[in-house]
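Down below are the structures I want you to see.
First subunit A sits with subunit B, and in the next complex the same chain sits with subunit C.
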Partner chain A sequence: MHNPSVMSFSVEPLNAETVVIRVGKALDFRNAAEFKAICQEQVQNGVRNFILDFSETGILDSTGLGAIFSLYRQVSPRNGQVVFASVSRPVQVVVQLTRTYKVFRQFPTVEAAQEALQQT
Partner chain B sequence: MARYSILVVEDEHTLRRLLEYRLSKYYRVRSAANGEEALQLVLEEIPDLIISDIMMPKMDGFALQQALQSRKETRAIPFIFLTAKADEHSRMRGMRMGVDDYITKPFDIDQLLARIERLLERTKYFQSQLDARIGQDFSKKLMPKQLPSVPGYRLYFHNSPKEYGGGDFFDWTQHPSGSFFITIGDVMGKGLQAKFYAFSFLSYIRGTLYAMLQTSQSPAELLRRVNHVLMQDTVMEETFASLLILRWDPTTHEVTYANAGHCRPILVKDRQTAEVVEYSDLILGLDSNATFQDATITIPTGGGLLLYTDGLMEQRTASGEMLGEEGLCELAPQMVGAEDPVQTLLQGILSRCNTDTFDDDILFFWMERLS
Partner chain C sequence: MMKEVRYRFNNLEDLIDRVHALFARPDVGLPLPPEDEDLRYRVQLTVHEWLANLVQHARFGNRLPSIELTIRCNGREVECFIDDNSEGFDLNGRLETNPSIQEAFPERGMGLHFIRACTKKLNYIRLKDGRHRLIFTMAKDEDPWLDIPF
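And now, the complex of A and B:
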């Protein structure tokens, strides 16, 4: 049987168009395909705003970042957004390096991100 | 060597347990009672081989195979159908869909084991042959065959990929005016796929640079054009790349650069001090409205410029932290005047780590202005 404890990501719908994805300890070459598949399913269900919760995340490599980029390219034509919440230090380093803070807005908490998304 | 992992998909409890039991002597086995469960397990970890029943509740074997075929990362998983359906129709349908083997119940378990082994061996053999050949071939094309010799400077290049390496690339070309265009970048992703994209990408950059030099010598303009293609061309849709392009004039010692999310160069001022070359813009392939700017620095006498990819900076030091730009700023000045600057930097980094090897692909280029 499928064991939920080995899953790296959990999805929490906020409304029909917005979900929170809790990124676990790592988003990297080992689980990027899984992340993509989960996001794909949400996009197909009409979700266009993604809040990524990085509070637990110690590893974000270039394959993982690539998976987030793919998501961004899917939702941006639909005026969707991908925003980062509770960004851990290792994630912050990657975001700084790639200058992607120019694209992904960052918020101190999931709640703050949610509030900002409701206003747009 | 790690054991192969096999996914068994079978709705009948007893048979599923039997297969699990027999296979687990040789393989890592996971099992699912229908196609839906199987898909979940495949997404968590891609198995080396799937053995599946056809008739199952929820999602049957045909639907599972179809779902696997629709994703590029699961398309090539070796697949054996195990079924009571002896009829030719099902067999043909399965084969057309990319099923590798077909065993009808009741079956001899030893025969099944032999077929699994043969299929895994064959897959492994093709994979390793292909990886090694393609990997080496592409690697050579992503790195310079030689470096220019430039009066007043000394230049060093070092590249040590892990296994077949990833999407790092480096290239240089000389403009008729005497200035050099240097390109360093990293196509996101791991392994052969990244390497393949890097190869196509570098060919594209070379072509674009050549065409652009007729009208403009601005690195930022080149980044704009390359980004435009990544955003428009559906073949390159899933390609994201960091790219740093520099125009270096060895007579004025000026370097004009534009940086799309690539690791920021380290400018060494003298044997003691170095600083990060700050300005950079967004990585390529993400935003069609991204803007890029040129910036200019001057390489001082007795100083130099260090270009590199992320493996160098992300190396873990003994404290568990990444070496980082700070670490490189501390170590890079030691390269000035060193007999072997490449070894000086490599040893300098490793002396801060608990290991004597690097975790990732290492690539750097060092240009030193002689005093």
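And now, the complex of A and C:
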């Protein structure tokens, strides 16, 4: 289900294997399919590390989290990572509820996430 | 002292945006404890998950959809009602037959589990006028947890 009121995602390549995805206002049932399609395209192009920037995100729902799980399932067999950066409070509530901090490392900024990924 | 607000919506297209706008605007004065920001976001998440369920799955026949959101707070506990005029949903049956998440990293089917995990009391009833009502409560200083196999 696409909803034009939910802004699209922006993708910023950092190198051949790593991209930053600016999640924007929402990742939910209205735009999760778009998120998955964008991620799928990146994975097909050889990207295996994803930094998800949640600094502007007010809504992360169960379908949005499912889309992130889908991405994780794709990149983990390739030794890829999905990490969270600049996690907003509404997103942190979902992370805390689901204990997904056990799977997705969190960093205070995109730059800190990038630095950590370069060291692994 | 119990404070209460009630809003009615008729358009499923912009329902989600309009409800989130209520939570985003401090001047609306939703009766939620200001000192517990996480409780506010859990209420918002639970309302969102149920409305998402309505938008995606509810059948309204030839009726104009009518969704009514009521939020009450006594300072410590929040109680919400979400009334709708759809044909209804077997929430209790779904929760009984699907009591926990079995699949690791599931892509779908977590919404009702989110709702159950976030809420202290949860009920879904048919009203005398034929509408359906989701009722849930949450309290301050809770740290709910949804078990997802990783």
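Keep in mind that, in the parts below, the second predicted complex is superposed on the first by the 113 of 120 C-alpha atoms of A that agree within 3 Å, B and C clash if a C-alpha of one lies under 4 Å from a C-alpha of the other, contacts with A are read in each partner's own complex, and residues count from 1 in each chain.
Rule of thumb we're sticking to: a contact is a pair of C-beta atoms (placed from the backbone, for glycine too) under 8 Å apart; a residue touches a chain by one contact, two chains touch by 3 or more.
Owing to the predicted nature of the structure, the values given are computational and were not obtained by experimental measurement.
K.L.:
Overlay done on subunit A, so just call it for subunit B and subunit C: clash or fit.
P.N.:
Clash: subunit B and subunit C overlap once superposed on subunit A.
K.L.:
Contact-wise, after the overlay, does A:I59 reach subunit B, subunit C, both or neither (first, second, both, neither)?
P.N.:
Second partner only.
K.L.:
Quick check on the superposed pair: does A:V103 touch subunit B, subunit C, both, or neither? Answer first, second, both or neither.
P.N.:
Both partners.
K.L.:
Answer with first, second, both or neither: which of subunit B and subunit C does A:S70 touch in the superposed model?
P.N.:
both
K.L.:
What is the contact status of A:R78 with respect to subunit B (first) and subunit C (second): first, second, both, or neither?
P.N.:
neither
K.L.:
Does the superposition put A:A33 against subunit B (first), subunit C (second), both, or neither?
P.N.:
A:A33 contacts subunit B only, not subunit C.
K.L.:
So, does A:V93 touch the first partner subunit B, the second partner subunit C, both, or neither?
P.N.:
Once the two structures are laid over each other on A, A:V93 reaches both partners.
K.L.:
Looking at subunit B, which part out of 153-161, 207-215 or 333-341 clashes with subunit C after superposition?
P.N.:
The one stretch of subunit B in steric conflict with subunit C is 153-161.
K.L.:
Give me the intersection of subunit A's contacts with subunit B and its contacts with subunit C, in residue numbers.
P.N.:
1, 29, 62-63, 65-66, 69-70, 72-73, 93, 97-100, 102-103
K.L.:
Could you pull out which subunit C residues touch subunit A in their complex?
P.N.:
14, 16-17, 20, 24, 37-38, 41-42, 44-45, 48-49, 52, 55-56, 105-108, 110-111, 113-114, 117-118, 143-146, 148, 150
K.L.:
Can you list the subunit A residues touching subunit B in their complex?
P.N.:
Going by the criterion above, the answer is residues 1-2, 6-7, 29, 31, 33-34, 37, 62-63, 65-66, 69-70, 72-73, 76, 93, 97-100, 102-103.
K.L.:
So in the complex, which bits of subunit A are touching subunit C?
P.N.:
Listed in rising order, the residues of subunit A that touch subunit C are 1, 3, 5, 28-30, 58-59, 61-63, 65-67, 69-70, 72-73, 89-90, 93-94, 96-100, 102-103.
K.L.:
For a test of understanding, state which residues of subunit B touch subunit A in their complex under the given definition.
P.N.:
Subunit B reaches subunit A through residues 32-33, 37, 40-41, 43-44, 46, 71, 73, 186, 188-190, 237-238, 240, 242, 260-261, 263-264, 280-283, 285-287, 290, 310, 322, 324.
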